[in-house]
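Structures follow.
Here come two complexes built around subunit A, the first alongside subunit B, the second alongside subunit C.
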Partner chain A sequence: MTGAALATASGARALRPARDILPMLIFLVFALLPIVASLTTRQYLLDVGARMMVFAVAAVALDLLVGYAGLISFGHAAFIGLGAYAVGILAAHGINDALVALPAAIAVSMLFAWLTGIVCLRTKGAYFIMITLAFGQMVYFIATSLAPYGGDNGLTIAARNTVAGWPLLKSDRAFYCFTLICLLATYLFCRGLVVSRFGRVLRGTKENATRMATIGFNARRFQLVAYVIAGGLGGVSGFLLGNSTEFVSPEYMSWQRSGELIVMVILGGVGTLDGAIIGSAVYLFAEEWLSRTFEAWQAIFGPLLVLVVLFARGGLIGLTAQLRRRFGHA
Partner chain B sequence: MSGTLFLVQILNGLQLGVLLFLIAAGLTLVFGVMDFINLAHGVQYMLGAYLAVAFYGIVGNFLAALILALLAALAFGLLLEFLVFRHLYARDHLDQVIATFGIILFLNHAVRMIWGAAPLTLPVPDFFTGSVVLKAGLLYPVWRLVIIASGLSVAAGLYALVSSTRIGMLVRAGATNARMVSALGVNIERLFMIVFGFGTMLAGFAGIMIAPVISVEPGMGDNILILAFVVIVIGGIGSIRGAFVAALLIGLVDTLGRSFSIDILRLVMGPSPARMAGPAIASMLIYVLMAVVLYVRPSGLFPARGR
Partner chain C sequence: MPEPVLRLEGLRKNFGSLVVTDDVTLDVVPGEMHAIIGPNGAGKTTLINQISGLIPPDEGRILFAGADVTGLPPEARALRGLARSFQITSILPGFSVLENVALAVQARAGSSLRFVGRAADEAALNLPAMAALEQTGIADRARVPAGELSHGEKRALELAIALAMQPTLLLLDEPMAGIGREETERQVELLLRLKGEMTMVLVEHDMAAVFALADRISVLIRGRVLVTGLPEAVRADPQVVTAYLGEQME
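Moving on to the complex of A and B:
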């Protein structure tokens, strides 16, 4: 019965046009942002927008784990760090082409995800949260000890990556567009993934692991693949982050960053993918604007989070759905 | 690596260990009995320290400040329970994480607004100032010994409470299967409130006791919270005994690792790579320990929850 329910749910998700309006709107806003920025000559909008999208890539990947596989990873920032360090370390050795750096960033993150995933997936629930934290902290401390690559202080990247020798990403606007494409690709890929058979097995395992095992699925293998995919996407986000700031630092993978990523996902709405993008945009917006106008912005943001949890089940997306229901719109 | 230095570091490790135990005990009970992840437990520790400083400024007596701060910490914890946490017990872990994270953000900044961002200090009570001579030429501050002793006596008291009183029995039963306890007619909400208040008070107590040793500042609870989580996960969620063993283990491993990692590494590598890798490896040790423990025993050393 649940199988059928899942199938119709996913079918509805793939077909119902109402579901597509929100993501279209999100990407439309991101696509129009450079135009707004140049019209209003507010160039910082471009930076902020790019930053939102960079973290949205990682947040969408994390939502794949948290929302669909039921794996709460508290070490997701490590993948961002690994991707960024791949860019930084390659650049320090004179290799600064994206055709090398991007695959390297993805490969390193996926390898790390695979190796640690084998260990982490032995545990469940809160233990999983903590063991992913442990591996995240290990990478963090290794990065602080990399004296040739800046250690604690981080590493400045001389210039943005070239593409096959061409400085295509050099201008901020070009980089913005590239980031937008990456986010769109990540989003479409994950969306395809969660409605596929693979995604249904993941969701089935999240709902009831024993049942999936009984039907004959080796759930842990599916979870490991999901973990490796999410890790690789984290590497993409790290590649983008390193290129956008032209700087890498161990700070990128501190546990606070991993916590922020979880907050972004939950704030937007778990298990929706759209929510992860909205969540990271809202979080970074709050950080950027509230901190500019009011120094202790977290004193406002903190209670807001509590209110979102208490009254808006399912994050901001859940809140809009509730409001729609209450005021009778379809 | 001299013997006396080793002794001092063992004592420092014990002191960190009992401190972690005081925080982890409440955390593991709240987590074990109520299945509630309370990230805001670390700010209770911070709040304990701040309240002690504030009350000391008013009454000028450490013992009175201690008692007042404990009561205030308890009252505040119960207020939070009433306002927020109570509504989250039935929710899933993610909701609890984000709500309690919000409380951390708020309290860290509230504390900054009330007492300022500058670190505050609390003087060591007169009776316990000075140092004891451990050995000729080796002094150790009395207050640190007091911390160790008070932590160990709290641990002993807690053990007696949990293992041989009725309320302790209910707590243990709750950690094993809360729904069953409730079905047997125990007022589980009241039990939750007692456990929660008690855990809050222990974290506050840890903050008060450590306040004379460290600087009291906003955010001081964040890193210790992560350590406390490491402790309860290694010990097994819901197990007081596990929390005690793991807390001492983590305290000793972390302290000894930090003091001797460079010396040990120099045995196998040159002095300059050892100086480079030493601090990183020392900071990593407890996480490596946690990963290994969880690999071998995926539910910690002393799993409490019966499945």
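Moving on to the complex of A and C:
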């Protein structure tokens, strides 16, 4: 095969419209939501939509670890918490500009991911799950004991971050748009990442670590970089969460929160990135509407999740693919 | 005598009370095809695993290209030019055949901390990978997921991955295991062509292939090197005949 033939062969594969329709739809819906909200005067739609996207940022990052590196991190909420606390603590000291707070949120999360990742990645499988959970709980308990910053009760942030002194994020709609941009950037970055040289090595170590070692790749090194990247994106999510609620609490990083993130990723479909967004949207939708009509909403949601895991291998995305196969091409 | 590419010094490995490598001392000189033969359970694969770094020896030293690599992890040995194939096929089944080989090229290229650009479209990685696939005769299967290859094709892919690493030493762990006569003949032909380009250590049960290929043969019995020598000498050695070859040749 010649170089030209190679290029066309792979070029043809890069053009897969079915692969791109779903994310385009997802982002179209998110982009149209503010218009719907203002037309129907249902402002809470804006809040719910922003919340979905905030968690989608963290879920996409977690999918990078779970779906592409085979690392089931059960402490991902810690990064959200660290990002949110970076906003809160800086604000408590009078620094409330996003140009400081956002880089700080990312840097703190990445640093924590790097330090703990070195330790966590010495373990595998169930031990990795347990040790990431342990580090997550460690941060949780540190936050509850931070008396100057509210301790158990959390910390109220006086106002949303400004951008270079301008109150750009003040209106809910502007904040919504900013969150949408953050999610889009995260998604595009991760989609590029998983097919890049780095992403290919990461996927390879998930599939056959021994083979990757014997051709010259140190799996742990690449996994650590992925862990730090996913941590940094978790920090972005935390920055957004702190700003959207104007409140920070240790609850943001409890292990239940980490579990919810894993549920979002599995619900949507592991290793697809699109699935992480859909999963967090569906999860938060269920939380919002089911909990409004039925107090013990988790009693409904729990069995639903079991059904998805049992019958829709590959999550909701896998389910749509299965249905398409069964009922011809819709 | 030139400096050996690979030198094993007093290598010893026990699995519990079972001695699998028993004081193995061995030199592999540049350019030679050194076969290691022996009955099942003689510790051939364990020896290969120690050389490639997947299992640490209990005692002894492994010198590769003059440097002590005993404590180095497998990836460091691979980057120094030590490639291997596996007895039980070890590939990335979900990746295309081409990507399996392109990853080996990428490892050598060194810059794998690139986060942008489609790795699968990089001609700089795909062209050398394609060349390795052509060498092993499965270039027409480049776009197929590696998991869908036939057993014989998977063996060829193993070899292509190793060749793409442009190794100075190639460890082949039973490359003819479980493949048909025709494919075996093709594999022998290919290895004959590669002879001299790189140093090779061949573990193999197919004695016809071993005697067609090997420059020197070491016979391993219960973890011990019984004898090392030229093929004719090994074939005629009465000790070897009683311990192993007798049953193999008749």
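The rule we apply is simple: the second predicted complex is superposed on the first by the 315 of 330 C-alpha atoms of A that agree within 3 Å, B and C clash if a C-alpha of one lies under 4 Å from a C-alpha of the other, contacts with A are read in each partner's own complex, and residues count from 1 in each chain.
Quick note on the criterion: contacts are C-beta pairs under 8 Å (C-beta built on N, C-alpha and C of every residue); 3 or more make two chains touch, one makes a residue touch a chain.
The model shown is predicted, which means the values in this text are computed figures rather than measured ones.
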First (subunit B), second (subunit C), both or neither touched by A:A299: first
A:S171 touches, of subunit B and subunit C: first, second, both or neither? neither
When both partners are placed on the shared chain, which of subunit B and subunit C touches more of subunit A: B
Subunit B versus subunit C as contact partner of A:N153, first or second or both or neither: neither
Touching residues (chain side subunit B, partner subunit A) in the complex: 31, 37, 84, 87-88, 91, 93-95, 97-99, 101-110, 112-113, 222, 226, 229-230, 233, 237, 276-277, 279-281, 283-284, 287-288, 290-291, 294-295, 298-300
Subunit A partner contacts - residues on subunit C that touch it in the complex: 52-54, 73-76, 78-79, 83-84, 86, 90-95, 99, 103-104, 106-108, 111-123, 126-127, 130, 139, 142-143, 161, 165
Subunit A - residues contacting subunit B, complex: 66, 72, 119, 122-127, 129-131, 133-135, 137-138, 141-142, 144-145, 147, 151, 255-256, 259, 262-263, 266-267, 270, 296, 298-299, 301-306, 308-310, 313
Subunit C contact footprint on subunit A (complex, rising order): 1, 3, 6-7, 9-11, 13-14, 189, 192-193, 195-201, 203-204, 207-208, 210-218, 222, 225
